[in-house]
Amino acid sequence: MSAYRILIDANDQKGIVHNVSSIFYKYDLNILSNNEFVDKDNNKFFMRSVVDGDVNLEDLKKEIVDILPKDSSVEVIEPKKKNIILMVTKEMHALGDILIRHEAGELEANILAVVSNYDKLESLVSKFEIPFTTISHENLDRDEHEAKIIECIKSYDDVDYIVLAKYMRILTPTFVETFEDKIINIHHSFLPAFIGANPYKQAYERGVKIIGATAHFVNNNLDEGPIIAQEVKHIDHAYSWKDMQRSGKDVEKVVLSRALKLALEDRIFVYANKTVIF
Amino acid sequence: MSAYRILIDANDQKGIVHNVSSIFYKYDLNILSNNEFVDKDNNKFFMRSVVDGDVNLEDLKKEIVDILPKDSSVEVIEPKKKNIILMVTKEMHALGDILIRHEAGELEANILAVVSNYDKLESLVSKFEIPFTTISHENLDRDEHEAKIIECIKSYDDVDYIVLAKYMRILTPTFVETFEDKIINIHHSFLPAFIGANPYKQAYERGVKIIGATAHFVNNNLDEGPIIAQEVKHIDHAYSWKDMQRSGKDVEKVVLSRALKLALEDRIFVYANKTVIF
Amino acid sequence: MSAYRILIDANDQKGIVHNVSSIFYKYDLNILSNNEFVDKDNNKFFMRSVVDGDVNLEDLKKEIVDILPKDSSVEVIEPKKKNIILMVTKEMHALGDILIRHEAGELEANILAVVSNYDKLESLVSKFEIPFTTISHENLDRDEHEAKIIECIKSYDDVDYIVLAKYMRILTPTFVETFEDKIINIHHSFLPAFIGANPYKQAYERGVKIIGATAHFVNNNLDEGPIIAQEVKHIDHAYSWKDMQRSGKDVEKVVLSRALKLALEDRIFVYANKTVIF
Amino acid sequence: MSAYRILIDANDQKGIVHNVSSIFYKYDLNILSNNEFVDKDNNKFFMRSVVDGDVNLEDLKKEIVDILPKDSSVEVIEPKKKNIILMVTKEMHALGDILIRHEAGELEANILAVVSNYDKLESLVSKFEIPFTTISHENLDRDEHEAKIIECIKSYDDVDYIVLAKYMRILTPTFVETFEDKIINIHHSFLPAFIGANPYKQAYERGVKIIGATAHFVNNNLDEGPIIAQEVKHIDHAYSWKDMQRSGKDVEKVVLSRALKLALEDRIFVYANKTVIF
């Protein structure tokens, strides 16, 4: 007897819940938790159920697919550790938070490797016996540099997510398409405010009273991918932009770890450049 | 075609969702939103569905009751304004917030009357053409005083909720039993901290860095009824206890209005001295 | 013996605190509270002291001015109710919150009048015996309309602040200059995100997980004046943009009232399109 | 030219600011930041100034002491890394957060050692080349066990703070007195709610909608020492007490690190079992 996660993303129509729950009932599955959401404007239906029972997953999935409208997406997932690769540049806070959570067994994840364009964080990562690969961008154009990173990532099997834990270079469309819907980024801003470089300096100059951070999937429009999680922190006039940056790190690491946890637990649906999170 | 709210509180057993959704399907009801929660420890199942369709509510309810375990509770509700009575003493902030929301049409409620042990707030209430009754506690023992209030409340038909918007007297078990599960109170503290009188002074003396407020149903144990909503606010050493009290008012009114809104929208289940809120 | 507020905005130089506190000492003034801030980047010094004692305010001010660098600004204020005029359109929540606070005696303010381009809120305002003037914009060009509003406002003496409590029209540079540094606005967005019209719809489409509101002084660049206060609220995918708008009202009214309170207590300095708040 | 921190804790009297700032002026010190607070009820004056200049610290301190009322406390501090010892039991989150901040250079601290009653966290700590000492409490009474810990701590010179990063045993008065005002604890509750053991289970049973954590100095009354920082997190009915515990860890580590940072930067005054924090 195991617990399984069933994720359904379908065009809405009457009877979906009835039909799906009939299948659960037929297979004698016990519903541990169940979340549904209907987006009326877009006529979309989302459902995440956790069930336990004794069932052939392929059969279960096939039956669910059969009773859903065409073009529906169904996933039947047996929870296990997902494989992730971290990409970093020089800052330690977001990486460190993930490493400690990993070490504490808080994450349903294996960290396969950490990839960086600098070697600065190698000594930290190596403490945890996780492979660290430095791929310098020096003397390489953007495509050449990314080709090397892609090669490195592809040398690992079954990579579920690539986590940009303060990787400070912009990715090309090629990179993004190669790992579509798999790249999670932390943006050091309360998006869509202060898109782009040095948001803390922008925020300082604007005199805001709150700073924030945003975790999102990466798509081809810089900083415009589907938002997973956001958090903010009150500040005041006494914060220089360096204070804001320093203070912002605490928000960044919290938000990135929260988003990663949601992804690892299969709680995120993406559509219309937005997320549904159960 | 109308929207109805269906609330189910049952002992959990396999097939509940299937059986209920079968009934929805049979009556050709469209599920607008659906929330479920299973408390494994207590083997309890809770469900709140909003459906639209054309159906006889009595028939629908009967069918649902029939497929549920005994001792289940089912409500099929046609949304309409609920009748509420406010009880106050001398403070204006919580009352004022409800009056303005009522005036703005934000609340699914008719305010039948405001009852107070002082006349101080009569001028405010009368601006809104809502009956205000002063029932002084002077020269009356507690039972006599409450008997008068109960008589006043009972002179109104179909009172759904009694909202204690800073009513500063302790209610007797008789009063509470008379209006069981119908009394919503705002406690000027982050319960269970600082139970009882003058919590701000207690909080000041303890040197806390956060103050809060709690909205809860009233039961016979003072300040120990099921919690509906809580909110907090950061403070610092510069707050005197009067500052804390002043500042706490903003938290109190927000929390009470939030709890009242949840109640009016039939989003609250109560069990085991706790609430499930959808 | 009275309490006075002393506000100093000066170019920083060594000895300011010493020189100012010498004057306080000489006049035998008791310092009740004292806040200082030095902006090193801009070499600016800000100070707000509350003192009590028996002193001629003109003399005190003159002595302080004399020991400060040229181009310093000094205010010596005897706390009293400030005169404010509210401008609104059709929404009740921000206006209502201010009216109730005013009625409860929470604000150091006299509300001289409420001015609107619609008559919708007249019935609410008249309950509180505050003059309400409808100045419709129909059949008037923007300058003509504003000329009438300016005339109306100028018919009142000593207006300290004009509070835009959801006044939904853009003000011209002429209007803004006429009441420079006196206009406080609530913007229904976490600025600088979603500048302009219908920010909730923009936020919905962007799929944000937090919404917010910003109170700011109005200058000639729409939505770009100095920020006084900001607040946010977590939301999720289940919020339609109308839900966001509804829910955002609670944030808006809280932020506007907080900003107004800061202004009434002379706690705000403006410089470099930012605010220092003590 | 260096920056110094001057901390003054005195009975309030007229002229303190004047007299202190006169000394700063005389020594040609530049005031980088300045915070003052007067507690009128207790007639106490607190001041924290950061100044830069070229001065003999002993002379400066002596002059300040001379102009203050008797029984005042004055500290003149040249900022440098403080020496801290961490005490832990088995949980990794709070310890891990401090280790990463230390590694990242975020803390003004040297971690001299980690002491634990179990060896579980030794492998994590040894990665960072920090001494780890296991002092098991097995077969020892409380006094014997603590005597060993005290001996261990005293083997290090100049220990500024002892940080209980989820050390799960109650300390005796002897221990607390030995390191008076030096012990910082994280309590896994929003004190004073849920004092004592298993607060998450208590919170679950009470059905609270917010959980929290409190960092405080330890005194002889368990969980009743002066509060430094508090933070909370909203939860709902779907949280089991284990979920609350898991989720609470994020609050705990944030609050403890914040409190530690405040201590390391000499921002905390303690009096009347409360803290003043600049």
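Here the chain labels run A, B, C and D in written order, and each chain numbers its own residues starting at 1.
Note that a residue touches a chain if its C-beta (ideal position, glycine included) is under 8 Å from a C-beta of that chain, and two chains touch if they have at least 3 such contacts.
Predicted, not measured: the structure shown is a model, and the values here were computed from it.
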If you check the contacts of subunit A and subunit C, which chains show up for both?
B, D
Do the two copies subunit B and subunit C share over half of their interface residue numbers, or under half; same or different?
same
Report which interface contains more C-beta contacts, comparing A-D against B-D.
B-D
What's the distance between the Cα centroids of subunit A and subunit D, rounded to whole Å?
35
Could you give the separation in Å between the centres of subunit B and subunit D, each centre being the mean of its C-alpha atoms?
40
Which subunit B residues sit where two or more other chains touch them?
33, 37, 238
For this assembly, give the contact graph shape among line, ring, star, complete and other.
complete
Per the touch rule, the subunit C residues reaching subunit A in their complex are 37, 39, 41, 190-194, 206-210, 212, 226-232, 236-238, 240, 272-277
Counting only contacts in the complex, subunit D reaches subunit A at residues 33, 91-93, 96-97, 99-101, 103-104, 106, 124, 127-128, 238, 246, 249-250, 254, 257
Contacting residues of subunit D [partner subunit C, same complex]:
14-15, 17-18, 21-22, 24-25, 28, 30-38, 40
